[in-house]
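Both of the next two complexes hold chain A, though its partner changes from chain B to chain C.
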Partner chain A sequence: MSKGLFRISPGFEDVMPAEYKELVTNGPYGRDLGVKDLGTFKELIEEHPLCAGCAEALALRLILASLPSPEDTVIVGSTGCSSLLFTQVAVQNIHSLFGNQNAVATGLKRALRLRFPDKVKDVVVIAGDGATVDIGLDMVMQSWFRRELITTIMLDNEVYANTGGQESGMSPQGAVLYMAPLGKKFPKVNLPEIAREAGCAYVATISPALPRRLGKVVRRAILVAREIGPSYVQVFCPCPTNFKWPSAQVLQKIRDRQKEGIFKVREYVSPEAEAYLAGLEVERQHDEQE
Partner chain B sequence: MDPEYLFSEAPRRQVFITGSEAVAEAVKRANVDIAIAYPITPQSESMHLVGDLYDQGYLKDYYRGENEFAVMAAVHGASLGGGRVFTATSGPGTLRAMEMFPVWAGSRQPVVCAFMCRGVSLPPSIQPENIEMAMLLDVGMLMFHAEDAQDFLDMILKAYAVAEQPDVHLPVGVFADGFFVTHTRSAVLLPPDDLKLAAYDPRRAPVPTFDMETPPIRLVRDPLLNKSNFISYAANASWHQEIAAAAERARKHIRRYMGGLLEVEDPAAVVFLAASGTAVSQSREAIKVLRAEGIRVGLIKIMSIRPFPVREIEAVTAHADLIVVPEFNIGGWLAREIKAAIDNNRRVVGGPRVFGGMTMPTELIVNEVRNALSRPGTRQPGMRAGI
Partner chain C sequence: MAVSEYQVRPGPEGYLPPAAASMGVELPERGAALVEGRVVPEDDAFQAIAEKLLAARNPVFFPGPAVLWAWKDGVAEKARAVLRLMEVVGARAIPMPDYRPKYPMINPAVEINPNHPNLTIWHNRIDVGVFVGVHCHYANVALKIIRGGTDCYTIALCGEVGHEDAMITLRDVDVKKLERLTEAARALAAAGPPRTGVMPRVGTAV
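== the complex of A and B ==
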């Protein structure tokens, strides 16, 4: 965005809320910040209505802190818990319908490329597991087949949480949930493998229990989608409310699942994406030396 | 360029083309940024031709989407990003995409979509029929109904001019009865090839463009619409009212660019055929037959279905004894609309209705008028002065 766009009109300084003023004076726009800098700048996310201990809320804080260019990022969301939070996030974001996020993002990205040919506008889809792997899978995969230059991030809380705890394609096999009264009959959908086969140049699975790694993964995914091809990040953040865990134990549960080998941190980078990221790294080191 | 020059003043040349070709001729002059296509009969041919326009450089982007819901979602995204968009669909495609249409209106996007109406299953039909229009009456978009290829071309071009007015900024569906209009050739007057609408300027939009260049960057402080309280319900309701108000504000622009929401022939008549789409053409033929028999019948051609010309119809029919409404669908949505618009609506006879691919022979309309006139108590129109 143009410098100075995010500012307070003269005469309104005293009526603007304190947290908005802080965004203006100490927000992340145009600064090279990341997860390591949390606590030193005003985050894009304001108070949110998600449950105490929500791993998805933590994941979103980390994702938003990791956007390489928040000043030129538009987020496309979908129906679900995260849509309750996005309205007050301080980057423009679209909530259209349940499941159409990758189709909306396709049109948006193409329009922004036409209108701003000399500028990078990152289009990042952030949606839940139901939106990504169930109702929206068609449009998610088709955007990959078409090699749309967008990043898709799935918040895998393993359940339809916002509607009260129904089975999703990402629920663990055997889990007894609404609409799965005898327990889920099939395993978690292996979307990372599907993403790789469907044409994603960068695929990663991560969790908010590994915040710095999550930040790195999100950044790499968005950078790859600028030039090389679509990218996919799957963030493991099971829902404490619907799985009936004490809210303070969520991160421990994630770590336990990782130890048990049920949840694995993985990264796939295509050779082209690898070369591109290495080139960016060289540039960055060169800039730092200067 | 002043759009009115393109619409009505620029010299036109006559060509003999199909309705699908007329759609492409409209898009060619509409300065569209992005068109997105998905195949369905009888719409496909027009979007093939729009694809050719992309190849020739008239459009900046074009692709085949994965289904109609995704296509309507993608044009929504492109419009939110500040692009001028075009797409088209038919019958089952319209229903497949249904969830998106209120979203276009709700987000105040000036999407223009052509609908080449056809039957919807079951039983399967790829034949002309416009029942899908009934299903779209209350999604919030403006709806124009073309009689022929000339209308289809003009209405698509004018749809952009109406849709993009800052005080309207709503989607417009331009409808034509499939096959009858899309697949037949007729004489069409074309504006010059080198004229086109000025580019869409998203800075004139009454809602922010999602490009991180248009404030507000942060939309709200609190998640207003997700809260369960009176203020959130009131905010939601007032937004719906504003969409309805924007459609009302479109009337003056429709009058300016299209000459009115309806056209009337022989306004002094006391018997009228009131129709939209190709039923208008069939009514014109029926009127010739009835006049030869000594029965004077006027014609009300309704061009704008949303907003609906309630006051115009009231005024035109104030002195009428009988209004017969022929339609290409089983539901009779146009007759319902007219009945709801006027006083003493026993004057309205809904029929004939054909569907499932049936044609509407002139005799069917003639017989409907004759039967209605034979109802006890109906005044006989005869041929009064002026004919």
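== the complex of A and C ==
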């Protein structure tokens, strides 16, 4: 898909629903927009069926606003709460079988490079903690070992949320959940460290309580995956429904966890990725001066 | 009913109507078309489509993404040809801009969605609906849902090999074929008032 596709055939403008016309006239396609511009353009997601106060929904909204080239992005999702939302997003997206997302993204990225050798196509995996760290860990790590040029974003809501509240590898130790009444017996899997060791050129942990930082992290991760190597972003967005928090308190809970040191914002950038990002920054400043 | 006797007729046929293909309805070869599950010469199908559209109380075209969006050269011309046909038969358009399921639901007054096309048919009391520019897999789903839950007469103007789940389908529909269909409708309209309630004339099987 390219921004050139977003032209309504002549004669059909009048019957097109308003939201599509707004996407054409004021969408983010082909424009350099980000989290700071939210509220000034037509977003890629309008409504969604996720729970009130869902931190994952906010994270997705911020991630979508941060895509460097939404018109040339394909999102690969997997089973989970996020898959309920992705079908309604105005970006090309694929739903893969539970856990297969990084294998599907691998094939897709390679096919796109063959089909569009002169274009940059971003393939971004966005999946929950169950799909990423439990069921799909094999496919996730193998894609990193192979240095596939894809971005993997894990939405860490710390639970299998929409199947009743089973513990996941990302549930905190001791967490008592609807389907884990005795409490989890082992700590969260340290996937950022695994990602770094497995070959990711860029790794970051972030939360939607830091929206601008999240936008920057997502953008950097996608840019690095264009040229340097795989990238991984872990977005901390615990589930208010399963942890029984009032909807309005979710972001405060995230901030509290950060203050307690349970959740940490971290960023690892390989030397090659650092140099690449610095070069892009110089180019951007040069373009702005011109 | 024997497989070979199955006809693709307006519903409501029930919650899960069989796929016409599973009942023995085969897609037409080049130069042929399907009318209610029977293979007929293309010109006969033109006539049947024109009769149905001119006789309809509320004929509506459902242009899909492949026609609504000028995504490659030639689409704008095809869109204009569709508009000319709509004008001749007095139909309006309700678009299917993409295939996303909408939350909490679509607005059936302004759009149709392949996941629940029956809502738009019911809401607008559409008696004849024309699919054009809808990608095959979604057209098949939508046509089956419409046949299952409504009495809408469906016509599929397909750029590929046709849709057996529509009551009438043309295949390989391009600008030239749309123009031929438009001419057939114009000639029929000039010949006299539409014959409401008359079933389409079905030609000799080929």
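What we mean here is this: the second predicted complex is superposed on the first by the 285 of 290 C-alpha atoms of A that agree within 3 Å, B and C clash if a C-alpha of one lies under 4 Å from a C-alpha of the other, contacts with A are read in each partner's own complex, and residues count from 1 in each chain.
Here is the rule we go by: a residue touches a chain if its C-beta (ideal position, glycine included) is under 8 Å from a C-beta of that chain, and two chains touch if they have at least 3 such contacts.
Please read all numbers here as calculations on a predicted model, not as lab measurements.
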Which of the two partners, first being chain B and second being chain C, lies in contact with A:Asn26: first, second, both, or neither?
neither
Tell me the contact category for A:Gln252 with respect to chain B and chain C: first, second, both or neither.
neither
Once the shared chain is lined up, is A:Gln173 touching chain B (first), chain C (second), both, or neither of them?
neither
Per the contact definition in the header, classify A:Gln285: touching chain B only (first), chain C only (second), both, or neither.
neither
Could you look at A:Phe6 and tell me whether it touches chain B, chain C, both or neither (first, second, both, neither)?
both
Applying the document's definition of touch, where does A:Met16 land relative to chain B and chain C: first, second, both, or neither?
second
Have a look at where A:Ile94 lands relative to chain B and chain C in the superposition and call it first, second, both or neither.
first
Once the shared chain is lined up, is A:Thr106 touching chain B (first), chain C (second), both, or neither of them?
first
If you tally the residues of chain A touched by each partner, is the higher count for chain B or for chain C?
B
If you stack the two complexes on chain A, which partner ends up touching A:Gln142: first (chain B), second (chain C), both, or neither?
first
Check chain A for residues that touch chain B in one structure and chain C in the other, and list them.
5-6, 17, 20, 49, 87-90
Considering only the defined contacts, which chain A positions touch chain B in the complex?
1-2, 5-6, 17, 20, 23, 46, 49, 71-74, 76, 83-85, 87-94, 96-97, 100, 103-112, 114-116, 121, 138-139, 142, 146
Contact set on chain B toward chain A in their complex
33-34, 36, 60-61, 63, 65-67, 69-71, 73-83, 85, 99-100, 103, 107, 208, 210-213, 215, 217-226
Give every residue of chain C touching chain A within the complex, in rising order.
63, 67-71, 75-76, 79-80, 83, 92-95, 97-98, 100-104, 107, 110-111
Can you list the chain A residues touching chain C in their complex?
5-12, 15-17, 20, 47-49, 87-90
